[in-house]
């Protein structure tokens, strides 16, 4: 849902207090996500209690417990991992504080533990990437060698984007993932792994990177190897952060699936709704699109993260 | 006594270390109820033999029979369980544990596996009393001086009831009274049928307690003798394999007091220098060319006094005057800058750096004084090192051997060499002859005398009173960590004159 | 037979084995071609990747030799990289060599200050090294993020890129820098008495104090050196991708560095140290990383693979193991 | 008789001296306790609701697993060793437990099984360290790779635990009043600590641990079972990690191969902050408890502060740690 009914004072009873527990600041994407939430909280007149978990689930659980003891109106958090939230969420429920999940889901059986989940669908992102590839090579028959730069092993986005992508391309035998390694979501690892791919793999047609940063690192490696990124090797990435978009607009990346960090406005909107007791959909998808170089050129200007 | 079967018999023992054959076809027998002295120069192989016997090292050949069973211990623990109790050469205790624990650990009094601390302390106190010591048994061992640690080690060993008791240089830094105590205990055990293996470089001690002795030289067996049958001079001859004349002149050292002393300028002056818990404030002067000896009982504060002159411990009262100028010793560094050198009594923890080579250990102090930017040229290093390896007869004479691999006595020599090459104006040596064999000891005494003649001031600490008497011009007598009297070492001063002062017989 | 006895024989053997194993998977592994004016090939990659680890490693070696440890190297890397990129970003002409040099100088100077901080905590205040440096390890990353404001700072500066990704005389600049620092370290420690004094302090602090060695000054020096090495490594790291990622930079590198040091035969208890050994260790580790990728070990099993290599390594390196298992069983003397 | 305990002075002096010596050994721990209380007071003064009893209890609730792991680590460090594998073993335990429970095994089987697994891993590392004289650092680092590797191999994703027993343990609360409670894990961890403290203080094994830390060579020559004890210590640490892992999986009611990353550092930090010397031979388990509380309290202050960005969080943690350590150092040093 994206209808903005904000600026109306949520429940009337003073300022709405939102406790938000962020995973950490492990990437530019994450920082943009944090910024968006902080800014939109300010503009929506929501008192934000922000806590950073340094990437540790323990810390996040501690933070949520803390919000409960502090009796905030609404708790929102981006789960570090999907499992293991039942206990603390029950505690929140007992203290009847509504909970909103952002960006990553939790796998609790009991869906009454949280009001709604707003965020991207990583599997879908993987699928989108795959679909573009299938379309791009439509009609061609000769085999397509794909190398994949995975995110941190075990991290949800890595697992899902891998799965979604694989799911789509497995339909057509000409697509072959010849190498798939982790680039830890970072540029350096992306570059170093790609360097090795370029030496170890006789023929690479496509690179699929789980985020822009790894893709950008890989581009450096490809250029250093004297190949032209985007033409000699087609590149698909996920996220669409500014740097990625720039590369896209320069044609060094061929296709980016957006994974928008700008959940802020929607989150505030939902927070007010649940506080006011209105019913909200169980699953709210962030409006996200995909970008080709042309589209990138168009929006690059007002891309701020 | 020869008729009785040996409790312990080692035959054809061989031990080879990379580069060195420490033991070569050595036989050794220990009879029940005897005190058997194992004699030999530094590096002869005494400690190695003991370590092979007690399972610290494996053998490279030979057989060990305990009673009538052939044994090969995998660890000291097994040896102990088989009834062999050992005091190894260097003090091998855990100084972070309390005195009582060091005596009993491994054999603590327990009920249902729970250590009974109170009883352990009580028994520790009793046991130490047998050695005429009163310590705070619950204080960490580290708060006690080396000699006392040595006594604790002995206490531990004699309390283990064993068929065989091994003492490797137990008396190296004890003085007369402790030695007497120790011997009394040894005799008691001996009468109880315990066989005792005793290592010492003090010949008269050996002749006092030992029934028989085995002599080693360069890892080879020279022979096994009844003490009665072998006069001192011959023993020494067998140990170092020199002819008798050579020895006579070694032994006949002139007493310093005999040589008239031309007292040089005042070098160091202690003014009310003192340290709580260590030594009461004292005044003292040392002049160039003068050897000042410190005499006192164990724990009387000699080491503490020496350490204050070097700034090894911070004095908390008084100050030091060097060349008449007052000086606060913040660290040994400052002392060295003013030409003071100090060789600690505790060579293992405060002396050598075990993993560094002989060469590096010898040049360490000199290099530290020069600072890291001015390394000593390799050629110069070789000169210095070779000179003292020869002079002190350090064995094996391989400058690049890690000091860890040297025998105790040789390590002591290395430590001494370190300070000799710095050519200090005031040299403080605490127990420099600890664990050093007769030959080398005489050599060291000669060097000290020469230094003095050359105008160096020497502060000389030794548990061996004769040595102090022979070398020093002036003797400072300490009692209960207090300087009680200063004696000019004239001919009328002798051992029992000093002993009386120490004992407090003479009004001070 | 004698070289088999050499301390570094076994690590070297493993290294060779790893390199060899690549040949089966990528035929061209050892081929080094000349490619627009510089050498190009897997071996070169390995060397380039090793550069930061070698730098951090040699610094760590000296720290460990004094009986200490430096956990903060990773954070220092992040900070120096971040600062350099920040300053270059502010240049009106990012390609001005002077400006870039100044920026790098700033990064290194800041690292130096951080080194003094570590050294002082350890030597003057007497805090246990692991905790003293843990403080900077934690806070340092925060500082780096503060500098970059949590974002990835991009720079488009040709001269800066040279440090980490450029070549001179056909060789990677980063490798040359690392080699230079190793040379400096070797000269500092072996041509002067520094090495001896450090080994003495690490071997026996009390003994060296009584020998008149000023442990305090030495200790501070080694932490400063370590920090400077880390700082330079940080520059190389960020220059390699022309951007400062204060999260990823030097993350967990302290473990690899310590591992490299230990593989190189320097004992963590301090004392004798071997710079050559550390370099070998660092190259070995990076070779391992490259190998896992180039022979296509699946992501799930990468760690297992590393574990096995490390286990094999530390076993064959142990004399005791060789004596007990590889040769006919014979008791080895207990360490006494 | 020569009385060497008394400095120049009279018997009463001796008595006093002895009392002093006694207390002196406890100063580090007492100082830590005092500072901890001060730190808590500061928290109370600054944050609304900090004085709430539950805040203190939560520190225990949230750190029960760390406490258990740190207890095992204390034994290892007291012998002068180190165990880097703990975090990974925790992760492995949670993963295996979760997987098996997911596969429908009964808790009665899984629980002992995972505990055994951790213990065996520890035993293995201890054996390698003792028999092959491998540096504890590498041996346990290999163990760390191995444990995480296996965990990752078993499952990349986090696995929910729905088993009745587990959820019961997770949600069971021991209440002292409205909103004042602790979890069963807290009880378990405290029991572990008490047993550990007893073993260290009153058993032959415990004292041997201290002896080895003081000087392994001497301990060997004193005829102590050095080898056995060393191995036992790592085995114990392995067990504690596994138990910690179980508590962790209670706490998270899930298993995940990336759990507890860097927990080894937290554990080591806790132990060292608690006044245990990394070189071994001195320190108390009670100190470790304080160490854990310090880390927990810092974390709590951070959460109460709220509004701290990621980097400021890190910086503040560092600063608090620094302040604490330096004060602790100042106090203990004065008493020397």
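Here the chain labels run A, B, C and D in written order, and each chain numbers its own residues starting at 1.
Convention: contacts are C-beta pairs under 8 Å (C-beta built on N, C-alpha and C of every residue); 3 or more make two chains touch, one makes a residue touch a chain.
For each chain, UniProt lists the protein as follows: B = Sugar ABC transporter ATP-binding protein; C, D = Sugar ABC transporter permease.
Predicted model only: the values in this text are computed from it and were never measured.
Contacts with chain B and chain D are shared by C. Comparing the CA-atom centres of all chains against that of chain A, the greatest distance is found for B. Chain pairs A-C and A-D differ in how many C-beta pairs are in contact, and the one with more is A-D. Put simply, the C-alpha centre of chain A and that of chain C have 33 angstrom between them. Note on chain placement: the centre of chain A and the centre of chain B lie 73 Å apart, centres being C-alpha means. If you average the CA atoms of chain A and of chain D, the two centres end up 36 Å from each other. The geometric centre of chain B is 45 Å away from that of chain C, both derived from CA atoms. Taken residue by residue, chain B touches two or more other chains at 56, 75, whereas all remaining positions touch fewer. Within chain A, the positions touching two or more other chains are listed as 25, 31, 34, 153. In chain D, the residues that touch at least two other chains are 152, 156, 217, 220-221, 309-311, 313-314. Looking at which chains touch one another, you get A-C, A-D, B-C, B-D, C-D. Put simply, chain C touches chain A in their complex at residues 25-26, 28-29, 35-36, 40-42, 45, 49, 145, 149-152, 154, 165, 237, 240-243, 245, 247-249, 289-290, 292-296, 298-300, 302. Residues of chain A that touch chain D in their complex: 22, 24-25, 31, 34, 48-52, 54-59, 61-63, 65-66, 69-70, 81-84, 86-87, 90, 107-109, 152-156, 159. By the touch rule above, chain C contacts chain B in their complex via residues 191-194, 196-197, 199-200, 203-204, 206-214, 218, 271-272, 330-334, 336. By the touch criterion given at the top, residues 56, 75-77, 79-81, 86, 88, 92-97, 101-102, 105-106, 108, 110, 113-115, 132-136, 138-140, 143-145, 148, 156, 177, 276-278, 280, 297-299, 480-482 of chain B touch chain D in their complex. Against chain A, the residues of chain D that register as touching in their complex are 49, 52, 54-55, 58, 62, 98, 152, 156-162, 167, 170-171, 251-259, 261, 299-300, 302-304, 306-311, 313-314.
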